[in-house]
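Take a look at the structures below.
Both complexes shown next keep subunit A, but they swap its partner, so subunit B is in the first and subunit C is in the second.
== the complex of A and B ==
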């Protein structure tokens, strides 16, 4: 009897702690979403009424639209190039045994650990040096921005693809070779389908990371070519109205949808 | 199908020899089993035949052709892996068709060959399933079908039955053996399970520490083991440590004077199969050796009974008797006599 009560108490404590944690994460999202539908311009409680005017207001602000478009192109490009670099890197780390494997694996995960501001500063200084050295436009160009984002995208790709590679039975690759497939065919027909979940998840996280990055991007964007988080920050400096909330809601919905769609094909909980 | 020859095959990693100078000739249609404890080099040998490991020395000849330096995908060897290694994202039919696609056969030929091969392993109608929808035994048969579909020159089996439960394993052993005979497949199987090896093989190769210890039929290995390792590994035996005093005279460490055959004077062990000794209430007449002892342990196995008899403080012998109606079954603590003819024991000098 007492044991039963004990077990129940423990379960309640666990569930309670989980609920507090979840609430802590979700509450800001709930408030932002709520705020986006307020009618009045100055956010105050209780709301004077509800409307969709702030969503319409987004489209009136060219900065938001262009920020979204730049950010989207940037994230898509960083994701594709990040995959092109990260997948082979993950294969190499998981499959080859070489002396600098450990340090290299850590190096590729570093960009997650290094603060964005530090990374941005370093990147900026590097761009200045390159611009001086090569005598060509680097600072503030779109491609410099892409190059920077590839760095922060690679850790996700490497991490998720490595994780899914560890679940692949090496014997299936040997079986394919035994049946007459050379290494190239083996990769395309056996290995790649097996790690597809990791690649899809890696791509998704790469995209989201790039799209939402603020700190590093601040150092790398050029005039008239900023990403959405920066536009939001700049807007907030001189105006507080629910437009920002509406923009955030659009972002949340887009990313949430992308995750849900991905999850239909690849169980994210299994790879992340 | 073709014959297979390994000539002086070795593989070393630094100073460590995984396989040392292995030479074997496997005739067309023969079923050869590589038997040995884990780490004895049997799997490394098989993987060198398949081409997954490059030998440090020696050659592999398949059908008279030197394939030592050919990559796995250019050798026509069909392998069944311990984990089966089925392609999880392909159906059974796609798994079996894979090797045929690599050989660029036409779609019609492939479909026909897949169907034939699946029928051969009694999996007709399962072509559309995914591997994870099959039982372990069915997966094993898909792996076999996939290896057979390419009509390999040699079939390589790497512990193919170790993931099946005991009862199924016994059935599959016989199935594979019958299929192998029917198709005349040159086959090399690796196993650590001696019962499996004895059931399936035409000839066995006992390996230990990278080297071949003995090659022969089941009878050769059991009746005439080449050394102490083989005697201990194939079948059961009791070893009594001691010294050969003179031809035919063995003195155990416990001081027993025993009649024996063979062996040189010097340190040696006497090996005696448990079923070759007899146990009785009184001294056994007509046997070269008859010794008094005390029963220390009795293990009832159904058809057979193992009796562990203490002959001296340092010598204990296992005697196996058939469980017959009215037969003498001693009990623990009972004084008994144990006997055997000198020819039943075997001497291995150290």
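== the complex of A and C ==
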């Protein structure tokens, strides 16, 4: 009996500790959501009342709308091109054995390890050099920004696709080839369906990584082409109010929905 | 074995063909990353050896370690480096402490809602640091949740200054990095067979001993990976110290940004960027060696 109570108590202590951790992670999101519904403009507690007017106020500020649309186009482009470059690379790294495999894998995963500010500064000076060398507009252009974002999404695509390839038994591919399928048919009929979850997850991670990137983008955006996280950062530097909280809530809801949808196709628990 | 029967030239041709497909597959990504990442890093390093004339704000081509020497001889900058390392170490320790129980529960739960649990851990990651900083600003402000609660309880007479302190920054970065720690630990704990834990229990080990002798050693690769990831992220934090630390509290990443954009001092900004990267790498390698040696014993 006492032993049972002991075990119960331990169970509760463990769950309690876990709840503290989870609560900590979610706390800032809870409060920013709460603030978005405040009636008064000053973030003082307790709120004087509740209102939905701040959500309408978002649309009055052009910078939020434009930041969102620039970020969306950017993330979509970076995702597509990142997949085009990353999926074949992952196939090669997971399936072939060659001398340069290790260094190449490290090179492609490197953008995750290099800090955002270092990436940003390095790309900025690179753009300066290219602009001077080729005598064309590079600094602050949309395409320079896209190129930077492709670099940071490639590691996620390579990582997730490689991970899902390691779960595919090579024997099935070899069986297909023994039965007379050429490499292309083998890929199309056997490998691709097997790694589809990895590709979907890679695409999702690529999109959100690009959409949410702040540090690197700070150095690369040009006037009138700012992304949403930068708009939010620059707004928060001056003040915190329910309008910016409402913008945050919109972002939380959109990303949350995207993740719930993705979770139906791939179990996020397995790919992260 | 089969290779022996095939004439040499056929083998060579097959090898060459495979080599070509491999190159076609991995080549484009490699070229792209080399061109858009390695080349920029090389140029930045080259810039960091240039000279900067403060009066005219012009960069002069040179080959001098002056920028690096300036950083390490000026107490203002070394203090910023020390603050950054101190914050990162503290954040990493707390993340490990807070993250382990959560990771364990997530890894072992049989609940139908496990995927929702995982999503609620990943979601804040993707929502972005600025949005989470906004949440902390709501909590920490002069009229924020913490001060309002403490005033209402009568514990304080005047609001506390929480915003723009090191404490606020540390609390903020912990929340940013905790999901990374939890996800890394969780994937490793999931790979540990539950039966191993039960074997320890049925042999009479109390939970503390089981944790120390079984779970911890088996989870060590995950602990090392999670700790390294958290440490690197904390060293390079930008948005959280910028927003919660305010203009006075400085860490390395905001310093790089300031030097680069506000002072337009590219050589010095570049050298600070390389110092940040090198120090992070050295500390990571040192910690890794230390942990592995302890694990080997």
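Going forward, the second predicted complex is superposed on the first by the 258 of 272 C-alpha atoms of A that agree within 3 Å, B and C clash if a C-alpha of one lies under 4 Å from a C-alpha of the other, contacts with A are read in each partner's own complex, and residues count from 1 in each chain.
We take it that a residue touches a chain if its C-beta (ideal position, glycine included) is under 8 Å from a C-beta of that chain, and two chains touch if they have at least 3 such contacts.
Bear in mind the structure is a predicted one, so any value in this text is a computation, not a measurement.
Applying the stated contact rule after C-alpha superposition, one finds that A:193 touches subunit B and leaves subunit C untouched.
In the superposed model, A:56 makes contact with neither subunit B nor subunit C. Taking subunit A as the reference chain, the count of touched residues is higher for C when subunit B and subunit C are set side by side. Legend: residue contacts after superposition of the two complexes on their common chain; A:261 is shown touching neither subunit B nor subunit C.
Residue contacts after overlaying the shared chain place A:9 against neither subunit B nor subunit C. Touch criterion met: A:107 reaches subunit C, while subunit B stays clear of it.
Residue contacts after overlaying the shared chain place A:31 against subunit C, while subunit B stays out of touching range.
In the superposition on the C-alpha atoms of chain A, no part of subunit A is touched by subunit B in one complex and by subunit C in the other. Within the complex formed with subunit A, the residues of subunit B that make contact are 50-52, 71-74, 77-79, 81-83, 85-89, 98-99, 102-103, 146-147, 150. The part of subunit C that touches subunit A in the complex is made up of residues 18-19, 21-22, 24-26, 28-30, 32-34, 36-41, 43-44, 47, 98-99, 101-102, 104-106, 114-115, 117-124, 126-139, 141, 143-145, 147-149, 172, 174-175, 178-179, 182-183, 187, 207, 232, 235-236, 238-239, 242-243, 253, 256-257, 260-261, 266, 269-270, 273-274, 276-277, 280. The touching residues of subunit A, counted against subunit C in their complex, run 10, 14-15, 17-18, 20-22, 24-32, 34-35, 42-46, 85-86, 88-89, 91-93, 96, 98, 104, 107-108, 110-111, 113-119, 121-126, 129, 147-148, 150-151, 154, 158, 183, 208, 212, 214-215, 218-219, 229, 232-233, 236-237, 240, 244-245, 248, 251-252, 255-256, 259-260, 263, 267-269, 272. Listing the residues of subunit A that touch subunit B in their complex gives 169, 171-172, 174-182, 185, 189-190, 193-194.
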